[in-house]
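Shared between the two complexes below is subunit A, which has subunit B as its partner in the first and subunit C in the second.
On to the complex of A and B.
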């Protein structure tokens, strides 16, 4: 029943379906670190997914598409930032507003430009290529899994490393974390709180953009209405596990990718009830969350005891 | 700075307005031009005097919106055809009401106020139809692709359902045929949601068709669990193509099916579409387009045209009844385009003709999922899969 775990295709699919969630989780991580909560990740991804496709279709250039997608991501995040940081609007309401605007707005623009409410397949848009890594691709099994993934998948791994390094090993990261931990203290230490938050929002926008563009310009070669399909919201759960740490975020996204792909294969290889199978990824996340919370509280207790 | 602030605020307001326009839409606002569009082909029906409209039947089609390349487009196409070909006997109005049930209800009341004789709408608006049909017993209503709740009958509603199992059967033959040509005995199916009779109906036909071609063909299947998740559809299709050895996958999953098409193009295998000739939507993506063997269709347009014609010529419809239309009534079918002719062998085409004829003369009965409870359906599917 579990023989598919030996299949390299299975693991390649795991990495592929991890990618968009991983990027969204990174976006959520950096928000958490800066003391913000961005419910609008889902919508931002959707907007960037469409923006990238349309720009690359009209300019014929992948680079332009990616660039405009990124700028759109930053722009949408800044709109959110403007409202919650400068106008003191409630964070969650603004996030929801972005999601609603994105769900309806993308379809609206899709119809205006492509004449279809379903997808943008009437346009020829560029897409990120799959990358075969020399040497690695010749190794059996491992090569099949790790090589030949989409460019954005590799990019997401680089982003995780960079993000981690930035957060924990640079002054900028320290400042961002300080702002997130205690805004007043950070301000009294002379940190420009607003600037730090906007920098975090910009990074969040970039990660969202690549998460969205992976879906519409990597895995798929055109935009489909609603194609983010809850991955932005899932990233918030992943971030709850990671509590802002990109490495744990990466691990939990991978766990999600694994449990999501396993549902596909369980349907094919087992006779288990479908309802049970589809609940699997979420049960999985719940169990991991409980375990992590348990471990955390144990550590917390030990700390307190040692202090006494 | 202040200017930028204002600009930002304005942009967001605009974005909100756009989203509202796309989601909600207004029944009367968007319907007015749509109502006139088919009418433009007639002799100025909006200005027609009262006595003329009493001679001509007023037929209203209430659809969500054109442009879905599927269900609603097929309905609209039937309405447009009736509007031109039956122009001397009926004023046919195709009205887009958006997905908003309230807007649909408003449009339906407007239609009866304007003297509608016959109103068509889709199953999504069943409740509206029951409400209005109750108040206007003299108006005839046709409900498409849905039945009335159990035990409820209206003397003025005719419910039409489509035996997509018949179309699925033909698709199954095509799939098994193309698989056989490539030396495989495995065909795949990817559905949008589990335990949905609409999907199971088609799936059951598909299995029977594949087994009709060759009893040894095995069918593997997945359910995406969402209508708009192409990424997951792609993962499932790749699993079926790469690990299960499926040569052809039938994607019956709405927007999630796009991922299946993409996967087929990437691994160089085949796919069967649903609801419309989906290969047409990939004119700009030739590698995806040529993965299509065929697509399964509900020929709503045919049905609407036939019923409108019957109504205006005889003034009679089987109101109060419910029929399931299939191959025999030409209400379902598959796309037979150049790709189909290229991929499906003569033997396959022969079997398709043979099966169609057998269904028409009643010697072949295709088992469907309609009117059965889930336990029965699941049991039958398990039995069919063997």
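On to the complex of A and C.
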């Protein structure tokens, strides 16, 4: 029954279903490093997914679509940032507000423009192409898995590397982490706390935007209502595993991609109830999270004891 | 002299909320004017629609019932300082369990309803405790855990219904509930059910619990400053656990009542997400359980108004989402209309300084 684990197609779809969550996790990572908690990732992704589709449909250009999607992501994050940082609003509630506006607002705009409550398939929008990597695509199994993925998938890997480098090897990253660790100390060291937080929010917006646009302009070629379906929330759990480290975040996203794809295959091959299997990725991530955190807190305790 | 003067700060929070709602409504009206072909009709339907017929007015009342339950549930847990939204899972599972007991077990009238609401409440309570317990041992943010559990319990509940409680023929759904399990109509010609009365009782209970008992006081102190609470000898862990259990009970009860009161059979194929509305109502009520029913009626009124509007015009009822977003952002923002408070505080400080100077002079 488990022979599908051997097929390259399976692993290729693992990578494909990892991509949106990976991008969302990156967004959550950078928020954690800057000392923020963004519940609105889900909503931001949804808004950008729709924005990208509509812009590319009306301008006929993929570049414009991606650009507007990105700007929308930054804009939404800045609205959130304005209320959290300048107006002292609670972070969780603001994130919820963004999510509410996104779930309802996207449907409202969809009805206004496409006349349908469910999807934008009446519009012809452009989408990110799949990329075949020369040389690599000729290697038998590896080529089938790694080559021919969507453009955004490769982009997400580049983002992970850049984000890691930025956080741990540049002055900007150091400042962001300092702000996240201890705001007062960072301020007294002359770091502009507000600017750092807004830079982090902008990056978060960009990652969310590509995560959302991958769904509506990559894996699917139109927008459907509520298409993010909890991936933004899942990314918060991934981030709790990674604790802000993009590389661990990437690894845990692969874990999610794996469990998500296995769910699809199990639904095809097993007798279990479909809905019960759909809970599997959530349960799997939850169990991984609990085990890792449990071990972590044990190690911390031991360290403290040995210090005494 | 001081007694006679009205203290403006007492009404400050009310004023803020009214202003936030007014601004949000104004923005929504502007949106309507821009996108609709018949803006005046749309606004009239949105604002006055629910009052036009008796039926739609009672729709508002019954729509408010689940909102009130989830807002009360959130009120209890959020005031303990833990941002857990596990009430959503409790609500859905409460409805599933109520369906199970209604369909599978035969009991006389009244007892049947009591049993199914009670069991749903207890299981809902345990579900809400899960994230809190896990947070203690793993130090993962309870918000994240509760969101994960909500998804899991939605799928588990759904699969319970489709494996054990499914009516084989026709649309997806459970068999029809027997009359002994349903909450009968209270007023003829409407779908108003006795759950409304239970809701009022629960509101009174929560107000009493949170405002008048030592447990409620401990919950509030823990929420405001958990370090202070600890050093004052309050066992914060136990208090939070207790608060989450009661919150889950209220949510589970709400799910059960909504299911057997409003519906003839279980047909929830997507997660209901009352918890976000509950959160908004909790915030608009200024964390005060007294005001929750009032605000819930207001939100339900808007929802019904929007539905009537979408039937009469070309606008979709999801326009309310913009309103919700703006209201939450503005009410949440401490700095919104801060200048009024600041001016008042400055005046007060000046007055005190003058009085002190007079005393010093004499």
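Assume the second predicted complex is superposed on the first by the 296 of 308 C-alpha atoms of A that agree within 3 Å, B and C clash if a C-alpha of one lies under 4 Å from a C-alpha of the other, contacts with A are read in each partner's own complex, and residues count from 1 in each chain.
The working rule: contacts are C-beta pairs under 8 Å (C-beta built on N, C-alpha and C of every residue); 3 or more make two chains touch, one makes a residue touch a chain.
Everything quoted here is computed from the prediction, not taken from an experiment.
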Of the two partner chains, subunit B (first) and subunit C (second), which one does A:210 touch, if any: first, second, both, or neither?
-> neither
Which partner does A:101 contact after superposing on A: first (subunit B), second (subunit C), both, neither?
-> both
Where does A:297 make contact in the superposed view: on subunit B (first), on subunit C (second), on both, or on neither?
-> second
In the superposed arrangement, does A:264 touch subunit B (first), subunit C (second), both or neither?
-> first
Return first, second, both or neither, reflecting whether A:159 touches subunit B, subunit C, both chains, or no partner chain.
-> neither
Given the touch rule stated above, what does A:127 touch, subunit B (first), subunit C (second), both, or neither?
-> neither
Check the residue A:282 against both partner chains and state whether it touches subunit B (first), subunit C (second), both, or neither.
-> second
So, A:111: does it touch subunit B (first), subunit C (second), both, or neither?
-> both
Taking the two structures together, which residues of subunit A meet both subunit B and subunit C?
-> 79, 83, 86, 97, 100-101, 103-105, 107-108, 111, 117, 274-275, 278
Subunit A residues touching subunit B in their complex are 4, 7, 9-10, 13, 16-17, 20, 79, 82-83, 86, 97, 100-105, 107-109, 111, 115-119, 121-124, 215, 219-222, 224-227, 229, 231, 260-261, 264-265, 267-268, 274-275, 278
Subunit A-facing residues of subunit B, complex = 5, 8, 11-12, 15-16, 18-23, 65, 67-69, 194-195, 220-223, 225-226, 228-232, 234-236, 238-240, 242-244, 255, 258-259, 262, 281-285, 288
Along subunit C, where are the residues that touch subunit A in the complex?
-> 35, 83, 134, 137-141, 143-145, 147-149, 151-152, 154-156, 158-159, 162-163, 276, 279-280, 283, 316, 318-322, 324-326, 328-329, 332-336
Subunit C partner, complex, touching residues on subunit A are 37, 39, 79, 83, 86-90, 92-94, 96-101, 103-105, 107-108, 111-112, 117, 230, 233-234, 236-237, 240, 273-276, 278-279, 282-283, 285-286, 289-290, 293-294, 296-297
